[in-house]
């Protein structure tokens, strides 16, 4: 039987899915043991037990200096920046994307500009941003926003342009003005793609957040990783990396769920 | 007449397209003049003339220290890293994406793993990479590769899965083995999406390149930007930012051109 | 060969509801339609047939005022020339004629709410509009799927909805561009009955483009054939199409050869 | 009500080319097909009709060995039960039956090259295969578009190509799942002629699913009707479909009422 | 122009940890109130970014070294005054190699450091001391300070130049050897609090409040106040013992009179000329600087080095003197 036609049984599927994770864990444990055997003080690959203890401590024992649970503080600060930055980018992109997609005048004006802007590497602009927007929350949020807004805008304007011309004409024959076409035809059909686009750009948003927090911050997940990098506290770094992964996964899952719930008419295409 | 139905004339369209660029340039010139009037030594917003002189100098006058044209050296080094990193990622993703898309056993094994891995923030892993792969070229290339490969792999595996089941069955009725299905049905229909995926991930690839070069390097576009940040040489930073934008645009354009030429059967869907 | 416009005459007086005069359309210098003159009486059902790519949809777009002709005018009851689509011209396309993000009922209500300033009816108006929508859905046999989304409907039900929606806006003319082109034969037949009934009820003036000559003759009062009257073998695209035949389909006088195959298909 | 399998008899000996015995298929515990027994003689053209969703495509998938039945067997000439699709069973679907990334000629050549180890013919074989492909394209009237990609072809031309491609692999049975469902009526008629001609030439054993009863009777030697023989009003999905009628369409004996509408459509 | 609200920036470094303590303990508020002004002390992760921010006008003062003050704000035409000389590095910056290599052995090897920083300057001075030059190396590789510890762990890195607390972390590695440190060039790497000259001139109370708060903290440290030292230690990510070890390599001027003495010392102009020459050699002394003398530096008593017509950097012991005199 051809390989393309061979399907694993249900039980086998579960085992197979766990396989690469197990392999990764095993590789880590072996590597860690080898290094720790050579140098028990080695910080690079701490034993899984050490990571677990560190993780438990980070999540439950308040920091002696501030009396706060640092992870939760960092998480809250970073998620706030992420939410505002991505939210702003989404709002700007939605308005600009719809405008570009719907109105020929604005399309001519901004389509080329956005295409060029989306090629500017935001990380190279980081120094400029800090100087223009200061070192506070604003510059971090702005970095996230200008990092993902051009991509989102292009995506959304293309989605609006992809709405069949027939629908636009039909709306006009029902007496819809430009505003009504925007609000009742284009907007509802663009929103699911907005969520999809946000899901796609969240990876980049995290990058920008971490990069910005590394430069100037006193709280946040990226800040903490950067801070302890100086001391090679890999147990803390790995805890934070895993935590960020969990957060990213949860956000992605939530967005998909929202999208499925909110836009039943999209059917299976989400 | 509704705004959605109003189209600018050809001449107006050209003017409109130039408008935002002109506005940006104007804002810069005004800002620069104001700051330079207050402090003629100000480095933050150098006069356009200064930037032009710097750019000309950078591109044509050899650096007195090394006797080399730094921009070209940096460009060559960075493009090499980018090409190898992205090329590797593309190759890995193509193989893995096709395997996941075509073979149920491998799909069960890797689909979940890749989904989780794609959520790991690669920037947070940077110190680990440096230690595992050293500070040389390898770690920079690996950062780019692991930064974009999970996204590309997911994208490609979904593209392969989206090939109509009818085609797979048809190929089998023509006697195709799994290998032939992979090589002659899935591969040619996946390649255009590979180029599309690479175009989408180039932005992230540049980010990773700049981040890696900022951490440890002695040549490269990102290295130069973060080095000259030390003395706020905005004229050099801006020259480099514009240069990177031009390069990114050229690469994107080339890929699109290649894709159009190589896959005529895709029609207008590219 | 061109044909002289056949004018609808009512008691010796020419009554023309839709009046097309000297219509030309070309894209990028390439003529598509040439010298079209046409008068259509109120309540007439005009079928339009012709080879693929000859400009039938283009003619419908011009009637719809979706685009402007290179030359010539189209007027309804000698009113002004329309510059963009509006409520006086309803349309149903082969596909994408209903809004996928609205339920069946909301699609019908949209025909009222879209004409308001912001696209939403006031609270008071909403319930009334819903009731009217439900009444219409009852009539067109879609009451049982009022809360479903169009994607879950069959092609025939979608087109029925599209027609109902278009009629709810009370247009003065209704334009159909191969409305049944994507349906299978059985559904097609029941759609014919549906359109005939609706037409009998509303007396709407209808233009329908179709690929299927038989369908054109079955439903239409008149059948217009679009074709190129002039032909330059060296430059096939040098000339545009116009109305080459204008058949009366009402009184059984069909100068049209039914293909043997059609019978063969049935008697196999 | 079930029908006893009608056995093809040749000189008193039962000759069964395709033999289906006690076939059941259910998805997730829900029965779709029940107790299907069928014998088809070599060279027979079997049309399959039935309500939408009754399991016609499922039956074709089982014939194709694309999936395995819950119970029962399908054999060709009493050979082994196939476990996956292969060259002895050709297929044409309603859509996506040709490879969009190959030219028309390459699509035909694929029917030879795909059976090789790596999917490419040797240099020597290639030219010969191309010549054979060109001969076939000539016969099916696609020679003039041999170098075009399928997307530029009309729906009818694509389906013609799909059938030509399937036949090039010289299958023992050919399965068609609503092959003309997406075509407009004119194209459909010419496809009927095309299939009839090809069949006369090749004497292929063909199973065709169609929505169109008339089409089934026109083309088929036998028309099988799929329907649920048992029906539980409280649990509509409790039972599967089976063959409820098995008509002989060859000798004009059609126990089938042609819809009045079909004539009406033509005589309008 | 006169104003009442000021912002100064600092980043984590042994000699600057008191600034964090001053802000958190309320010392700054106390001294601000005394002069009727409000001073906010802001910690910035990235040292270079904090100086850039100051240069761009985002802050009125910044904790910086003498070298970076000369190259960034002074080089950009921001007239800057060294208000407080806090300490000089007395071993806090070091050249570290793997195994038992020597300074001379660096020839032909690559060195990882933060390019154009005081580490780079220290390396230049170290190579000078054994008659080598940078071109004798296999090259310098710009490496972020955050990754210096990790970098040292990788096989291809043979030598690094960096500062504390990274130096002490790296030296924990048994194969790390310090072959040259800033104790060999005392008084050359100065850790300063620099402020905008114009702002200071218009608001002398700003200088008084900063100096007052700083020297109160110095008094606490000199007295070995465990609370203050522990707070600083933890803020820098180490413990009291670790922080005291770092302090041992730092020549803190707990007594303002000592700081005044350094500012007035005749060695200072020579040091600054060395630094200016180094910066000029690296091509980073101001916009299009034609020579190492391009920027003028003014010392106590009005003497200058460099271009007296372009003075952008001033050592002004006035406020430290006030502290020494108990006049604050």
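In this document, chain identifiers A, B, C, D and E correspond to the written order of the chains, with residue numbering beginning at 1 in each.
Just so it is clear, contacts are C-beta pairs under 8 Å (C-beta built on N, C-alpha and C of every residue); 3 or more make two chains touch, one makes a residue touch a chain.
To keep track of the chains, here are their UniProt names: A, B = NitT/TauT family transport system permease protein; C, D = NitT/TauT family transport system ATP-binding protein.
These figures come from a predicted structure and were not determined experimentally.
Novice: If every step must land on a chain the current one touches, say how few steps get you from chain B to chain D.
Specialist: Between chain B and chain D, the shortest chain-hopping route counts 1.
Novice: Which chain's mean C-alpha position is the greatest distance from chain D's?
Specialist: Most remote chain from chain D, centroid-wise, comes out as E.
Novice: Name the chain whose C-alpha centroid is most distant from the C-alpha centroid of chain C.
Specialist: Comparing chain centres, E lies farthest from chain C.
Novice: For chain B and chain C, let me know how many angstrom lie between their CA-based centres, rounded off.
Specialist: One centre to the other, that is 49 Å.
Novice: On a C-alpha centroid basis, what's the spacing between chain C and chain D, in Å?
Specialist: The answer is 36 Å.
Novice: Specify, in ascending order, the residues of chain C that touch 2 or more different other chains.
Specialist: Touching at least two other chains: 84.
Novice: Which residue numbers or ranges of chain E touch two or more of the other chains?
Specialist: 52, 56, 146-147, 150, 153
Novice: Chain B: which residues touch two or more other chains?
Specialist: 2, 5, 44, 127, 131, 172, 177, 214, 229, 232
Novice: How do the chains pair up in terms of touching? List each pair.
Specialist: A-B, A-C, A-D, A-E, B-C, B-D, B-E, C-D
Novice: Spell out the part of chain E that touches chain A in their complex, as residue ranges.
Specialist: Residue list for chain E touching chain A: 9, 42-46, 49-50, 52-53, 56, 58, 145-150, 153, 165-166, 169, 172, 231, 234-235, 237.
Novice: Of all residues in chain E, which touch chain B in the complex?
Specialist: These residues of chain E touch chain B: 48, 52, 55-56, 71-72, 75-78, 112, 115-117, 139-144, 146-147, 150-151, 153-157, 282-284, 286-287, 312.
Novice: Okay, in this complex, where on chain C does chain D touch?
Specialist: 181-182, 184-186, 189, 192-193, 211-212, 214-215, 217-219, 249, 254, 258-259, 261-268
Novice: Once bound in the complex, which stretches of chain A touch chain E?
Specialist: My answer: residues 41, 44, 64-65, 127, 130-131, 134-135, 214-218, 223, 226-232.
Novice: For a test of understanding, state which residues of chain C touch chain B in their complex under the given definition.
Specialist: Counting only chain C, the residues touching chain B are 83-84.
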